[in-house]
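Given below, in the form of structure tokens, are the structures.
Two complexes come next, and they have one chain in common, chain A, joined by chain B in the first and chain C in the second.
What follows is the complex of A and B.
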């Protein structure tokens, strides 16, 4: 017994609960979803008939106009949120890097949005944006700006409006990541630059940015992956509208799965999303490993 | 050592894959069969509930307040334990479907939206109540329940839910604003549009009408109401979807025109925001479900107390008047035990009985019985009851197709009517796209 707990045996024994856990909650559902994606399977069918259709669901996905627009919408959403959050996060990190008491206080305050569930955030912002009763249109109108049907209901503004909600909530996360990166930078290059008479801007462009590159990459991939999976904010604010202006892929999958109960097709769509995110995670892991070298 | 570890991990993964594949090939759930309903031949009373416990899933409509009051009384009278689970519209539907499909039998009683009748009936989710009804015919006073109320749960001749709360689509209007403008309450759609235009003063922040425009069920159901009021249909005589007929396109144009006289945010209104708009006094008229009527006289939530009246919903000029009817039935889970089903039936009988109906109504419930709606006390308390009765007598419970494919129609209209309202699609494009989406998903 004692021998079994040494060396390799111990590894295996201690890994076992985790492996069983992972198998049960991650691998089994994954296989199940892959399997039903090959079937025509409607959950509400009283006879639960499942007909094998091969790759039909995947072929259907790439001909479905809603899927194609929703992929487009998702890409715009991802690009918008990630770019804004990266630049704002970096700016905030540089601004709040000092250890003065005020800055420390500001940093903690800025973390608050992250602690809220996205669904709650969505509902709060939905009322803030409301064209007739909301606070934001109220002040915009006071400034003489025409808000039309309200930010969430105007075709040209809805996407920006939901992107801003995401930015409000997740910029602090990037700020934290960048702050950690900044704190870890070596001092010597800065001292050398200072001696050479480099300006602040030159120091930022030629020292801070290159040294921060690995951190930036990690943050970029992390947010991109999360952004691709967005659902709750959209669900709570626009329901994918107006029209299909904010119907991201994940929201469309939800409609197919939970409104039409067309499980085979929903699983196929989910697997498409899975592949996109898997590629991004692979990149993420590769970059993390390189950093350790 | 690493090598062996890898071998072990691989072994486990292969094992899991095998188990997974084997597990996946097993049938997911037993095939549905017609439930064996053999209620005892003798009429059972409330004592059938002794020691039973039931879970009632209720939509959080106004009538849930009546359940909160009546459920404890039923528990006292019957000895049953009834847990009331209050759920929003979408949550209720999804939780019920999950319960039915998984045959978990969590909910014994559930409120059933009129438009779910077809789906629940076809899939045998809820217990057909006809045997119970035949057995207890003597005490049910079925003739007293208004004919249109039976659409709350009737599907192809069987009753998969029992009438619980009948709603009429009515026109609420501000007496004061209409009087000031010298406008009579509109009786036709043409008059409604004219009145909405005349009453709109955007600079003063007053609008003619409040409508549902938000993407999803809200805009879909409001548009369907207008299709009904213009005497058109969404299905042909064979039951095939015909969303994009020229008639329906024209109606969509009319519906869109009305939004020019609605608050700017109306294309994003759900039911609650439409109510808020009307109750806050910014809007002169609003079509909506009659159940909200009593709330306008409640100063805690309404700033238009004493200024509201209602009339039957206007229809197209020259059309034989018919009024949109909706509301909720109450059903019994086909997966509950026979004892629970018996007790659940006792609950339904009890809550829909003429004696309890008055209390049901006074606590924000909605009527289904003629005797309740003509009761002198009730009419004195709710002076609009005769108009409701008129709406019920000419009620049309099928303007939203009560068929298993309803959610597909609602989703397609919910997306594309909204797209039309915000200018993403023209009326023709919108209904063309909705029709195509319905056809693609029709099964």
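What follows is the complex of A and C.
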């Protein structure tokens, strides 16, 4: 025993409490969720009957127009937020890369949004977007753009409005990741390019971007997975509306489970989301693993 | 990088930086000023950015009439509980993964990364049902342990890369002197890793403090955390934005504090997930 503790056994022992905890609190519920998804089970049912229905809940999911819409909405949301945040984040990283005092101060101020509770962020933007007294519709009107009942309540604007909230909160995270990536770049290619008289734009396109590719890829996947999880901001601002314009899959699952109490179906939908995320995570891990080589 | 920038360019970049910072700070500025405005001025059109009648009325009202104290206490209990639990479970685990010679143990780091990516909503339905059957709905414990799953996974991932950067030699010297591996961890590696632990702890505090979805599902009126408290203090039809702003200010205190004063640690945590370390 004593001998084992001096070797590898000690490490296993240090890992064990967490493994037991995770097995009980995460793995067991996920298995439980798979089981529930095979049953028809409504919490509101007075007898709490659970009827085995096999894969019916999954088949139902792929025929449910609301689910198909919400997948579409999710993809638009994820693509919109990630693309905007990636490009803005890179621009900010390039702008603020220097160690000058102003830039350092700016960088630390920009950290604030991502530390804020998303629910509070949602509420603050809801008041900024308010049709009656919000400053954003006011200035838009001054520019000749009328947003009617406010950006969050208009079909054509709601998606853009919630995407912008996400962009505000999470662009700084990408900026920090890109700053770390930029810091790690070798200087030699730039010296060579400088000697060859390359313009700044040429250096950016032919040196910085290719060298930064691993960081860009990792950031892209990381942010994509996070963006799929959006909930608080939608809950605080549009509640999925108007209509189902901002009902992302995540939000729809919550509604099915916690408003309609259709537990089996909600679990099935959650598992579909889980599979999507698992595929993305696997890609992410493969890329991280390659990066080390 | 190499090329010197002209005076004009320098000026342009400075202006651009200032504009970017102002744009990003507007919502926060708006929140803070709204909390000091009288009701009518919060809604005035055109908006009053800098010059308005200053009042502490909203703060007095919130402190006198709302349950803000209860919500803040609940948030504190949950955040501290989840932070302590996830550090106790996660820091030794991160150390084990970083130091072990076993490939299986090394690769288990990815298992925790996968766990970190699980959409919370996927845990929501089963966890709710399990907690209901255990009669734990509305308890601090249910919220703390669910938060801890994700928090501990983050701590493992972060501490693993931190310990990997701590030189092994000192620990090996201790091992040669007859110390057990636990002693090497506790007396040698741990004291050298305080900054990493602080950075992990800050993130975990922020995660649990900011959590809304789990709290929405698992708390009762007595255990509501601050985000829930804010929502339940106002009805959908009539919102007092000044009072809401005050409650929001209380809710963002940890975020303000950490991002302004402890941002060194904060940056460390943000880049940790994106690099292998």
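Simple rule for what comes next: the second predicted complex is superposed on the first by the 292 of 293 C-alpha atoms of A that agree within 3 Å, B and C clash if a C-alpha of one lies under 4 Å from a C-alpha of the other, contacts with A are read in each partner's own complex, and residues count from 1 in each chain.
By definition in this document, a residue touches a chain if its C-beta (ideal position, glycine included) is under 8 Å from a C-beta of that chain, and two chains touch if they have at least 3 such contacts.
Predicted, not measured: the structure shown is a model, and the values here were computed from it.
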Chain B versus chain C as contact partner of A:149, first or second or both or neither: first
Chain B versus chain C as contact partner of A:120, first or second or both or neither: second
First, second, both or neither for A:258, with chain B first and chain C second: both
Which of chain B and chain C A:133 touches, first, second, both or neither: both
Chain B versus chain C as contact partner of A:57, first or second or both or neither: neither
Dominant toucher of chain A (residue count), chain B or chain C: C
Which superposed partner A:224 touches (first chain B, second chain C, both, neither): neither
Chain B versus chain C as contact partner of A:242, first or second or both or neither: first
First (chain B), second (chain C), both or neither touched by A:12: both
Contacts of A:96 with chain B and chain C, given as first, second, both or neither: second
Contact residues common to both interfaces of chain A (with chain B and with chain C): 7-8, 11-12, 19, 28, 32, 132-133, 258
Touch list for chain A against partner chain C, complex: 5-8, 10-15, 17-19, 21-22, 25-26, 28-30, 32-33, 36, 92, 95-96, 102-103, 106, 108-121, 123-125, 127-128, 132-133, 135, 138, 168, 172-173, 176-177, 180, 187, 190-191, 194, 200, 215, 218-219, 222, 225, 228-229, 231-232, 235-236, 250, 253-254, 257-258, 263, 266-267, 270-271, 273-274, 277-278, 280-281, 284-285, 288-289, 291-292
Of chain A, residues touching chain B in the complex: 7-8, 11-12, 19, 23, 27-28, 31-32, 35, 42-48, 50, 66, 130-133, 137, 147-150, 152-155, 238-245, 255, 258-262
In the complex, chain C residues that touch chain A: 1-3, 13-14, 16-18, 20-21, 24-25, 27-28, 30-31, 34, 42-47, 88-90, 92-93, 95-97, 99-102, 105, 108, 110, 112-115, 117-130, 145-146, 148-149, 152-153, 156, 175, 180-182, 185, 206, 209-210, 212-213, 216-217, 226-227, 230-231, 241, 244, 248, 251-252, 254-256, 258-260, 263, 266-267, 270-271, 273-276
Complex interface listing, chain B residues touching chain A: 1, 4-5, 8-9, 12-13, 16-17, 19-21, 23-24, 27-32, 94, 97, 101, 119, 122-124, 213-216, 263-268, 273, 276-277, 280, 282, 407-408, 411, 415-416, 418-419, 421-425, 437, 441, 443
